[in-house]
Structures are given as structure tokens and as C-alpha cells.
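Labels run A, B and C following the written order; every chain starts at residue 1.
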């Protein structure tokens, strides 16, 4: 069986600077992979390269056995990658409902989009309450939920979630992770989730990968890596110790 | 009092037509970050289509407007494909706003001179859409043509508003204007959306051109003045702000109407451009614009 | 490329010297008054283009008011020539340059607060106002759309051939002087400041270069040269009409700059020469003149970024690259 996502020898970055440098990653069908690494080591760049927002310099990206590297972001999205971006990527001058509807942009009927909207609202009642408000008026936690809700508006094969805890208060983080856990148990799609540390990903991760200086340096089940003192201390104990 | 009524009536008429031409420029600037200098040429082309349909083929007015809409839509789409699309891939290497300002300007020069070649420098009379006058107040009247023009302009602007607020593609246009990367990651095909946006904006100007052609003439330079007015409107409104554009359009229309009645037609443009100078000096982003990137 | 002054090789100096010498003797062997008139007019346009290129290309400020500055130079020098006939004509032209320089500096201040497209709109608005005031002033100084009344000119006593020859040399002198001045300014403190403002404003501010002062200075110098061009045009043609600052000459000048290569020293020379030839060839097909112009502008901007100078630069580099590769075949070719 082919993996949901296979990344081989990926080299990517911005302008002339290489951020991701020869990265390999495989995510099984329906599995959730959590990529953990300090800031500035290429987590967001990895997701952007997979979803086509930046063109990889080299390497291969396969979605369910089909090469997608080099395709335009919109084409990759149509193939079934849903990217919940860092900073949410909401359309701030549009209402919450308009933002959600944009999540179902490709294909589908008006009726189908309405049904999807109803489903998201039943999952996220907090979002429904705010549906007529402009995205710019929402709190950080609400924005994150809308971003996730928008990702739930169409069936995807692979869900990319970029640092869902970033900049949120602990209560809001709990709410966001509650949604992610539910999403994971209900949807059949594979998930790549990115975080800076182990704190929140306990109940979510099937596999944890440690990303450092543009490569995956360790992989293993959550329990194993989180319990490994060397891992926690070497890579994540203190950001200042990490060579850059 | 008669002056006031005349100023108001004409101001609304002018404002509506400027709104129609300028709102397209706002739409294009909002989505593509391009100040489309070919928008005036679309008014000119619309005028010729109106002349061709109404004067030489005697078709009915609705058909003429539809013909102008379709033709300028196609032309606007083609303009985007030729003068903008090849540059989008190099967006980060070139000064995109300046370069597209120049390329759309080049298209405008080209279209103006093709018209000059084909039709000569003559002014062609375009028949009015409807004849007759509506008496308003003590000898002040506006023609039914102007009234129709104002009404259709407003209807088209409302239509554009509904398109942007309610339809899937309209939402996509706004989404692209606000966050390009997020829109692409939601599978919005920007390479198709851009030409459509520019086609739509051009089509609005083209319809405006049929009306303006009947009010003045169809001629190769018929688009110059509407372009200058539209530039004033979009700057005044703050580039990329649709509501700002509407306010500014009627403000400019009223100013023009006031100048014509009270001061003299020749002073309209210098006064308006003087106002622009002043506004840009004191409010560098126009009346309603803000330095933030995302709007529409 | 023609780049910095200090880096000009002896070979290139020799080429420049030969070119200047050829240009200097040209009117001694060529007399046709029709083409000489076109050539001198082309020279004046070139002076204007050099001045425009300085703010538009090198400083990267979207100034679309340059033709109004140019016209103001013509009008202010013409005012001296007409109403103060005691003033020698060269001084009047110099005065036109200074006047334009001052106006240009004043125009620079509001643009300091603006970005990109707003700068072009502000300067364009400025030009529109100047043009409308000039057009609507038929009985005053500008003569409205009928044009400026006849002025004495630099060489009122010369016959046709000598007259054209004298203007040719004067303009050539101004062109050569301004090219050297621009080349020198490019590598001067001001030029470096301008380029770094254009390419990385934040970086420049952080390094302590005062971007405002640099931009104002650029506007002043550019306006001065444009004003000189305006005064020369008025005195040579004995007339100046408001259409000189209309959209058509503006599109022509922009196209010349873009085709030659914005921001380079030799770009305006090449662009102006090339388009003057093309426009002259098409003079019997007036409709085609601007149709071709629009199409050329579009094609160059889209497909030949950097203009002809940029293209030759790339070809040059590529040829050097091949030569270098041939020289050390043992080494693997650089990726």
C-alpha cells in the first residue's frame, strides 16, 4: 500500500537560501504525523513546499503515489491537500461564513456547500455563533477554530496543520486540540501537524518526527520520544543550544 | 435653487458613470495590485461598439449594451493575458506595480491607435439609448438617456456587489485580494481568476462607453477623459476600496457638475487634480484607503 | 557595462573617445537640413530622457511629472527671452534649468511620504494641472494650445546649415557632459544611496543613509537638466506648444527609456536613437507610429526586462561564461 504522503530528498527555501535540506518523510494512510522542531528550522517551509506555495528546489513529493512537486498550489489543493496555514490565513475582511464557504471552493454544488457548512457548525458551535462577524474581529482562538473549520469544509486526503497552538492562551489551545482530536478520529485523511514542542500533541500523534536544520533527525512513537531525555534535552531542551 | 437642482441632477448622472468606470479599476487594483491604464481604452472601444451596433446596424439598445459588454470583456481578458499574465511569474523579480502600469499603458496606446487607423480621427455620433427629456424643476431637465445611464450604472454596480458578496467566484475574487496564498491553498485558480477579473472590469467600462459615446462621441481619444476622471476617483476613494470608490465617484461627479454650472467647464480637471495633490500630500492613502494590504 | 566610472577599462575609454570624435565631426560631413532638424530634436529629447532616467531608473521614483518640469523650463526661459531681452539667451536657458530644478525639488517633498503607484499618481496629477493651466492661458505667457510666441534663440544670425550645426554641437555637449555627470554620480555617495534606497529602503535607513535627502537631490538635478532641455527646445524650435507635455510624447519617452534599459547610463542613448529612427521611418504612416510604439513597449517590458542594455549585458555575460568554460574543460561546468 502506498503512503498517503511521501517526501524524498526535499530541498526547499526562499530566494537563494535553503531551509529544508534533503528531507525524507513518510505518512501512512489515515495516520497522524507530528513534526516537532525549534523555530526557524523549516517546519513551516516544509508544509509550504508540500502544498506548493513555494516550489521545491529539488526532491520528490508524492500524494498517494502521485508526484505533486512542481505543481501550482491551486492544483495541489484540488488533488486533496488541505493546508491550515500558520497565522490561520483567514480573509480578514470577509465574514466567518464566507471564510468557511471558501473552504469548499473547488467543485461541489451549492447544496453540497450548504451541507458542509451545517456539518462544520454542528462540530464547532462557537464558530456558528460568530458566523456573521468579519474575521478581523475574532479573537485568536476563534480564528484558529475558523481556520480548522475551513479545512473541514471539503474532504481531503491529507491535512496539513501549522502550529495550532501558536500564540494562543492555554484554554484556547485545549479547545483547538479537542477539535483536532475529533477531526482525527472522524476523518479518514492523513494528518501532518507541526508544533514547536511535545506539550499538546500527546493524544494526537501516531508518529513523532524531530525536525532540525532542515532534516528529520529522529522518528518514533510519541511515548518513546517524549520519554527519551536525550531527545528532549538535545533538540528541544533549549532553543539557544541548537546550532543554527 | 434651479442651480442646485441642476448641479445635483447632473452630479448624480456623472457620478454614476464615473463609478461604473472606476469601480473596475478598483476591482483590478484590489485583486491584482495593478493600476489598469487600459480602462479608458475600454470606454473608447465600448463607444465604438455602441456606434457600430446602434448607428450602422440599427440594433436595439439592450443588444448594443450586451454587445459592448461581451466585446470589452473579451478584450479585457486578452489584455490581461498579454500584458499581465507573463509578468506574474516574475512578480518578485520586477517592480510589479510599475511594470504593469507601463504595460497596460502600452495596451492603451496600442488600442487608441488601432482605432485611429481603423476609424480615422473623426468623431462618430452614437445615437442615444432612449430619447426625450425629464423635466425636473423650473426649466431644469435631464434627458431620459442620462437617466437610463445613471440607473443602469447603479444596477450594474449593485450587480457587481452581489456577485462579490454572494457567488462562489465573487468570494474567490475577494479572497485573492485579501490573502493570495490562502486563496491558492484553497484551490482558487488564480491564473483563470485574474483574466476574468480584468475582463469583468473592462466590460463595465465598455458599457459605460456606449452611454458616454452617445453623450459625447465615439472617437479614438474618447477614453482619455474618462480615464483621467477614473484615476481621480480611485485615488480619492483609496485604491482598492469599493465603498470608497463609490463615495469618491459621486463626490467627483458633484464637483464636476458644480464647476460646470458655477465656474466653467475648463476648470473641472485642474480643480480636481489640485484636490488630489492636496489629499495625497495630507492623506497619503486617499480618503478612505488605509495602508493595509487586504481590502475589497 | 558602462557602469562605474572607475571601472571603465582603457579599451572602453578609447571607444568613448572615438564615438565622441565621430559625433563631433558628423555635422561637418552631413548637411541635409530635414534630417539634421530631426537629429537635433532627437538630441533634445535625449537630454530630457537622461534627466528622466535619473529619477525614474536610478532613483526608482515613479515620477510621471517630468514633462511638466520640462515645459516649465521652456516657459520660464522663454519668459526671460521675451520680456527681458537684455538677458543673454544662454543665461535664460540656464535660468529655465534652475527654475525647473527648484520646482522639481518642491515636487520631491510630497513624494517622500508616498509609495509606488501613489507617487506616479501624484506626479501625474501635477503634470495634468500644469498642462491644463498652460492650455487655458491663451492670452498669457504660454499662448495656450497655440504655443509659445517666437523667441530669439541662441544663434539668430546664422544661416540654416550653420544654425543646425551650432545647435547640434551645443546639444551634443550637454549630452556628453550629462552622461559623464550621471556616470560619475552613479558611483558617488549620492548614487549609491539612491540605488540602495531603490533596492532595499529599510536596509538603507538602517545604515544611516538619509534616503530623503538623496531623493530630493536626485529630483533637483534631474529637474535642472529637464529644464535645460525645455529651454533648448524652445530656443531651437522657436516655439513650444502644450502638446509637448501631452500623453503622446510621454508614452514615446517612457518607451525610449524602457527599450534602452531603465537606470543605465547608455540606455537612454540607445532607446532614444532607436525610436527616433523608427518614428522617422514611419512618418508617412502616422497611425502606425504609435501602434508600433505601444506594441514595442509591451513586448520589451514583458519579454526583455532591462531593455536592450540589459539584454546585451546578459549576452555578454553568457559569452564570457562559455569562454570561461572552454578555458578549463577539465573542470565540471558550474550548475
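Side notes on the structure shown:
Here is the rule we go by: a residue touches a chain if its C-beta (ideal position, glycine included) is under 8 Å from a C-beta of that chain, and two chains touch if they have at least 3 such contacts.
Everything numeric here is computed off the predicted structure, so don't read it as measured data.
Ranking every chain by how far its Cα centroid lies from the centroid of chain A, the top place goes to C. Ranked by how close its C-alpha mean sits to the mean of all protein C-alpha atoms, the top chain is B. Taking each chain's centre as the mean of its C-alpha atoms, chain B lies 33 Å from chain C. Computed centre separation for the pair chain A/chain B is 42 angstrom, with centres defined by C-alpha atoms. Look at where the CA atoms of chain A average out and do the same for chain C: the two points lie 53 Å apart. Multi-chain contact residues, meaning those touching two or more other chains, do not occur anywhere in chain A.
Partner chain B is touched in their complex by these residues of chain A: 51-53, 72-75, 77-78, 83, 85, 89-94, 98, 101-103, 105-106, 113, 150.
Taken together, the chain C residues at the contact with chain B in this complex read 60, 62, 110, 113-118, 120-122, 124-126, 128-129, 132-133, 136, 247, 251, 254-255, 258, 287-291, 293-295, 297-298, 301-303, 305. Residues of chain B touching chain A in their complex: 168, 171-172, 174-175, 178-179, 181-191, 294-296.
Those residues of chain B lying in contact with chain C across their complex are 29, 35, 82-83, 86-87, 90, 93-95, 97-99, 101-103, 105-114, 116-117, 224, 228, 231-232, 235, 239, 266-267, 269-270, 273-274, 276-277, 280-281, 284-285.
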